[in-house]
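Each chain carries a letter (A, B, C and D) given by its place in the written order, and its residues are counted from 1.
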């Protein structure tokens, strides 16, 4: 299992007229955290793409327990639990940095495709960094 | 069953460096379509909120089959199949306007809460418009 | 002078906790209107890019008089007044569709560059459609 | 003069199909940096709003010299040079964290209004923190 805690802060651009983060922005926080998780094990998404591999999202799931507010600090945890075959699965939990209460959780599934959008098996480049 | 087809167009702001719509924007298209579905049965979200009722997203799920491109026209279908009790469930399908191929589908679940975020039963205001 | 009125509607995703459209979204509405202005004279931005020409924004200016609200319909007017040499200048006005009151105005300037980001003179492809 | 350097990183959500940050996202980076500038002198925007004061953007201006890329780190400098009377003016510069080359600069002007959108003079709450 590989896991990473990434700290973010909520800004005005992400908060809707209910005074809470708009539902899709948490999925943007997922992306930010996932990028940092991969970087933490030596996998820059830029370098993955330069090697001709793309990781488009094929499924996203998100459960919203409580809304985050403007200027709140959040910990976005992302975790890879299984060695990917055809798909990479990343799980997320977003907690208040303050009191650690759970706000949101969910997951994304990613295919491996080449630049012509043809499916690939899990590339060696990625597998060799995932010592699960 | 209540169903609505809403036509949208992809602009530059929504397209990422893979040349396809960024994954979270489809969920924004879901919101746009849902707002128009509700309006089509006489339910303005603004009036629902003025009546003290909010419909926060509590679950979102999205499956991505193919990416939409810049300047492509899409049909975002939203459907309500069941009479809500504690939650409103809306299903979505996004197809190319052109060749009708399926790009994305998914659903959102919405709670009913008052302005203090207390859960409500499905409000009469909404139920009486949902002649399913 | 070439001018185009494009109608848009404000959705939840664009409204902040002041209950008005977040300042940068109007610039996204500018883009949407500009794309439709160009299309109205037979210039698809997709085709411009396929011809190896890009139109990055090099200056943006926006003045905000009044905030637009959720579910409000807006008319986004965009206008090209001058034949471009090194830059294309587009002016915008955003008015309420309802009472025609002015909410926002501004402009964007665009360079012409090739795919390697080298500046170009105003391309023939564009000039021949701009019968100002 | 009050000045603050805020470091941010470019994620996939902000990059368009030219492979550079979409023009409006820099203005979101401006907001993020401005929020941190104010916090650095003891002015939380949340607390300003709780005191009944809002700071809507009334003008934005942005000049784009070079595009930022995915996973690039940026320094977003924001500066307040003058004591505000009717308006707060904030200047910005966005540089590569790496080689310090200038990518974008610009400014925003903010009105002071109460919760009913009535203009206010520069509030004491803000002036007393701005020891320019």
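For the reader, a short list of remarks on this structure follows.
Note that a contact is a pair of C-beta atoms (placed from the backbone, for glycine too) under 8 Å apart; a residue touches a chain by one contact, two chains touch by 3 or more.
A quick note: this is a predicted structure, and the numbers were derived from the prediction, not measured.
Each chain's centre was taken as the mean of its CA atoms, and the one lying most distant from chain A is C. Looking at B-C alongside A-B, one finds more C-beta pairs in contact between the chains of A-B. Between chain B and chain C the centroid-to-centroid distance comes to 27 Å (mean Cα coordinates, whole Å).
Centre-to-centre spacing of chain A and chain B amounts to 23 Å, using the average Cα coordinate of each chain. Among all residues of chain B, those that touch two or more other chains are 12-13, 18, 24, 28, 31, 70.
If you sketch which chains touch which, every chain touches every other chain without exception. On the side of chain C, the complex with chain A involves touching residues 12-13, 15-19, 22, 24, 70. Of all residues in chain D, those touching chain A in their complex are 11-13, 28, 31-32, 35, 44-46, 69-71. By the touch criterion given at the top, residues 18, 20, 23-25, 27-28, 31, 54, 56-64, 67, 108 of chain A touch chain B in their complex.
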